[in-house]
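Just so it is clear, A, B, C and D label the chains in written order, and each chain counts residues from 1 on its own.
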């Protein structure tokens, strides 16, 4: 069963690496496991391509057009990040910022995190979804504080408390959901929380309860998405954790959290039959985009900068989901994909850039192209891509979002315009001097692993000018599924 | 039409062939990457091939125009699902493609001689960016759906940004590049929103659906205004012009030529496409607005050009002026069209189109000339040049043609378009609107003023660079341009002369466009050597007679003088009212030449001066002229963003309890909301 | 149905005491006292779960009741006590907001919670009607406590109290979630708690204090 | 017939070239009378030209070709202009080549060439003169254009023959707007031809010179051509003025037999005599303005022209 292997492999890897995590080949092992997972996912995807959506194990797990591409994306980015982390972590070790023990923790937790993500994506059970989200948090907390510096500890602590509290709200929401579902489906064991079942009877669910439930779920999972003003943990965690962790947090965790929000939005919208949830999402999205953009303006730390940029983009995606309708949903899904690809690649380059300059302060990073053209151009192109410059895919989704917004809700476009403009100015005026200009820093001891960067960027570029048919069909089907 | 027998089978495939040539450009760029660090390979192989491609490109476009086909469409298997890339070749795009091909041919030829190996971007990479830039400009003009248009548009901005920052080690150039890309991006967003208004609903981003889409006056106006802002930002309309005088001087000269000569024209194309093709209604106040902005930009550009001391900045401001003139023509055309006077609209539009063509010819010519000067002297400041006509006769002669053309003097091309514009102004009293019919004619006076100021500016430009005595001793070693550069310059100069002497060709090319957009053309019946846009009785002009007349009398007079008198010449020191010892520092400086304009239009500038006092040991005079808009418009915006960012930054106070409070309050608020 | 009547009565009594304990936690300063209160809360939770299990005759609820007893009454308080003694964090310094104000806000929150819960409890099928409102109130109060306290350890206690409220909501309002999820939640709780333990020591060795005022360096300056 | 028109054209051009110095001389003479000095003989300008042609050229050491070509270019432009302006008859083959606006362009070309030549030697006064002359240019052109606008509204054409024909068919009443325009044109004419009150052709005080400063470096035959063409320029402007405002006597299309032509020639001479007198009068009565009063002066001209325009639009003639 492909689905089980997808879930089992990372867990297995976690156990293995808990043993051999400090071994010389741990990094390779880590990459290998991720690669195996990727292959398993590939089989799963083929299976779905052939057989269409599938349910498994008493309907507890399922793959439909909404989560299939997210699963694929997660596996892919997980793999490339593992590849990237090999030389990166080695350099960190040489610089004496990490030791073997910590590396073991890192590797096993990394796999555990992947496992949690897959569980969250694949489960059909809203309760299990919650459990998986919590697990994902817990597994990353120790990664954020991996360096054991004051800053990293503080970041991890805030991350833990804020997301913990948030997640608790989500649990209450889930309970309310169950409470309502019970009356529609009966409390017979496990079925009451199955999304597919709920979705089929969402018309009969009690609107008021679901309204309340949605608020709790939105605040809960929204905290993990990093929607303003619940976002405060995000920049700290991104800046202080090791770069691969920032990459997967930004590239994957946020997506999965948003996935949870949308799953519940579908139910609630179906039940209360109004645009209330949609409008909530739009407001949250706009607020996040705007605040994110203005936060960007004053950043000094490169990883913090791109952390805030994640907030901004999550805002745009949420906004798009809020608008609803086939095009906006399509755009949102596309944006999820390209954002995680681009953002992770940016974190890869940013990590190496800060290693070359031996600081995360952007004032200290100068003239990357003259030291290592690959890093420099990687960062430049990545930033341009994330700023929505065609022909990169981010532009495609922003194009659809903006045009749809202009048509459906014209009043939102000035705000979007401000957000995008400020974000552009803020990021680009920081990136340009980092990439261009003079520098006398020595090159890195290890050759940086930039293949992932350019693979990601190539994919993003492709999505800008050509979207494969299968992917487009998934997006469309998912957009239908989400409806709104 | 012009060429009676044309090979139909060829004209039927214009679009395909054009696309192939675009692909060829990109291929050439990639070839350049094969040997990224070999200047000789890039300069002697890639760029010449590129210029040949450009020639073919222009020829094809011309062929399409004369073939009289209306439109060819095509879709590429790329793009978004349900929205493949649509491509369309119609007279409007054909005209701009012609312009692109002709001018780019000259520039590429020049570039072949120009690019040297320096620090900064490697020549191979430069070559890639250069050809991608060309290709994206062509695609902008060819695109037939909003998405493809935007992709090409932004690719154009991006590639040109990289070209501008080729010398990225210099901080000012980085600043210029940043400002440029920022403005370009904001403009692009406005254009995008304008398309958002124009679109016909789900997945309907093709221009065809937009043409049909019915819009309420409000939304139509919104679309037009957004487009005007967006394209205006690219074209450098005041007050969106600030990036232009920074970016154009920063770039290598062939790139400045491309940007000023061609990229700005894509903005013209865009506004024409939206105003005359996509929008099915036009209101008179759109025209008045465009006209006003255009007139102001042209005057503004001319005045600022007059006080510049850097030769490339001077040309950049003169670009703003010419763009202003073009927009004036467009505004008139919209106004006439809205008032139901299609013939006069056609006249004004013709003027705008022909001026676009002319401007791209002589402006690129002059930018390239400054490039040669730059190579010969490493000087951009007018204060350190002078007397180069004796060191680099080729460049000086060809630049003289460009100077006369851009100064709007007969019998060269610049005069033709300005003459047409004035002609169309003559009919503004017929506008059925009491105030407009009295106010708009005064615009003609402004155009005349601008044209004369342009002449002033160009006398300054040419006189200070090429005439007089060397202001720096080092200039003695200045060398003339090499033969590739000369060919490039000569090609463009030839264009200026031909269009000036036989404007009928340009008018016919523009005629196909106006016929397509407005259903009318100006009077094209007169023979090729003179034009009479409305009726011969009303007004006519013949550049050929001018040239022949002047030349004939010149030769006759020369002959007569030689026959009747003698040709004896004594070389002496200059008589300057008998003032004994002349030095080169006694000539007019650039600042000095700008003085009357500074004096008369002082309100436009923000001036800082250091005047010498009688007791100075070594008296010196410095004047610095700034754009008021920069301090009154842009810096306040930047400061506002900064302040806002500071306030918002306080949200992230670092205290966990406060963060918890945020989420708690959010929770409560939402609960209250759903209650 | 006299028996169910009785059970309902006593459940409501327990719920009320849960709320009372939460208020008490808001007002207390000494950390040990807080921990004790937390243990009491756990005990009440245990009893209520037993009662619900008994009245509804759901065997797996007994299991989760046992889990509650084990975790929240015995293990966690014990560990917390040891931590406090080890780290010498007996006294919480002055809370950010003074106690009376906190109480007033708490009161307002309770009213708000009841108001929210009103329509829901109307449609509850279980014998435990109004308990969901109380659960909500408990959650809010815990939240409030986390906001107002300064020490890391008190925040954690607040966090755990919130979990209690959730658990109470789960059992009383819906006769408990499916077993898998119960287990999952419990597991997460446990793991989370151990991570907290690790943190305490790390924070201690870095900042040699558990005062959160040290953890305010990451900010937009 | 065609050949005849060409002959006529040729004759007209020759006439213009021939009488241009005479006109200048006439003005000088009138001015002398008005300032009761003893006047130079009428043929004085011809003598000067002859003398200049005989002299050797003293050419500045590093004068470029541009400098040496400019006098011929000036002469060419002015002769071409003379060929285009219908001073005697309207039915001229060259008249089609340009309307009045194009004529302005032609004069601008001459101006630019002269300014460039003035900057070529690189002396202080040369570039100063060039700068000032170009300034006068951009101040004068708007006013001139507005004058033509008036003529166009009046006659529906900017081609001078068209204007003449129109006023001929119109009968000979004076449109009120044309009076404003005429005054404006006169003011522009004085400014454009470097005469008092903008410039003083007779001055040799360096700092006040404009035209003189530009031709400072020219000598002998070059100077002769420059002077001749500035005389031609004055004559051309006068003829434009006649065509626009006093077209009486000019032989119109169709009615241009030999007699008519002779009459036209006489009329032209008469007009020139009067005009010369008027110029002299103005120059004697008014004093030269400071250079930065020039804007006010030309702004007045512009204002008058615009007033004419508005009057016309208002009265809807």
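Remarks
Note that contacts are C-beta pairs under 8 Å (C-beta built on N, C-alpha and C of every residue); 3 or more make two chains touch, one makes a residue touch a chain.
As the structure is a prediction and not an experimental result, all values here were calculated from the model.
Averaging Cα atoms per chain gives one point for each, and the point farthest from that of chain D is the centre of C. Innermost chain of the displayed assembly, by C-alpha centre distance to the whole-protein C-alpha centre, is B. No other pair of chains has as many C-beta pairs in contact as B-D. Per-chain Cα centroids separate chain B from chain D by 36 Å.
Between chain C and chain D the centroid-to-centroid distance comes to 102 Å (mean Cα coordinates, whole Å). Once the centre of each chain is set as its mean CA position, chain A and chain D turn out to be 79 Å apart.
Separating the centre of chain B from that of chain C, both taken as means of CA atoms, is a distance of 70 Å.
Of all residues in chain C, those that touch two or more other chains are 116, 143, 146, 155, 215-218, 220. Among the residues of chain B, those in touch with two or more other chains are 649, 651-652, 656, 660, 671. Contacts between chains, counted with the stated touch criterion, involve the pairs A-B, A-C, B-C, B-D. Chain A makes touch with chain C in their complex at residues 125, 127-128, 130-131, 134-135, 138, 141-142, 145, 148-151, 153-158, 160-161, 164-165, 168, 171-172, 174-176, 178-179, 182-183, 187, 189-190, 192-193, 206, 208-209, 212, 236, 239-240, 295, 298. Contact residues of chain D toward chain B in the complex are 53-54, 56-62, 64, 66, 69, 72-73, 75-77, 79-80, 83, 94, 96-99, 101-102, 105-106, 108-109, 111-112, 115-116, 119-128, 130-132, 134-135, 137-146, 149, 152-153, 156-159, 162, 206, 216-217, 219, 221, 225, 292, 295, 302, 306, 309-310, 313. Remark: chain B residues 77-81, 146-147, 150-151, 153-155, 158, 165, 168-169, 171, 174, 177-178, 181-182, 185-186, 189-190, 192-193, 195-197, 199, 201-203, 205, 641-642, 644-646, 648-649, 651-652, 656, 659-660, 662-663, 666-667, 670-671, 673-674 touch chain A in the complex. Chain A contributes residues 157-158, 161-162, 165-166, 169, 211-212, 214-216, 218-219, 223, 229-230, 232-233, 235, 276, 280, 291, 294-295, 297-298, 325-327, 369, 384, 387, 389-391, 395-396, 399-400, 402-407, 413, 417, 420-422, 424-425, 428-429, 432-433, 436-438, 464-467, 469, 472, 475-476 to its touches with chain B in the complex. On chain C, the positions that touch chain B within their shared complex are 96, 112, 115-116, 143-144, 146-150, 155, 212, 215-220.
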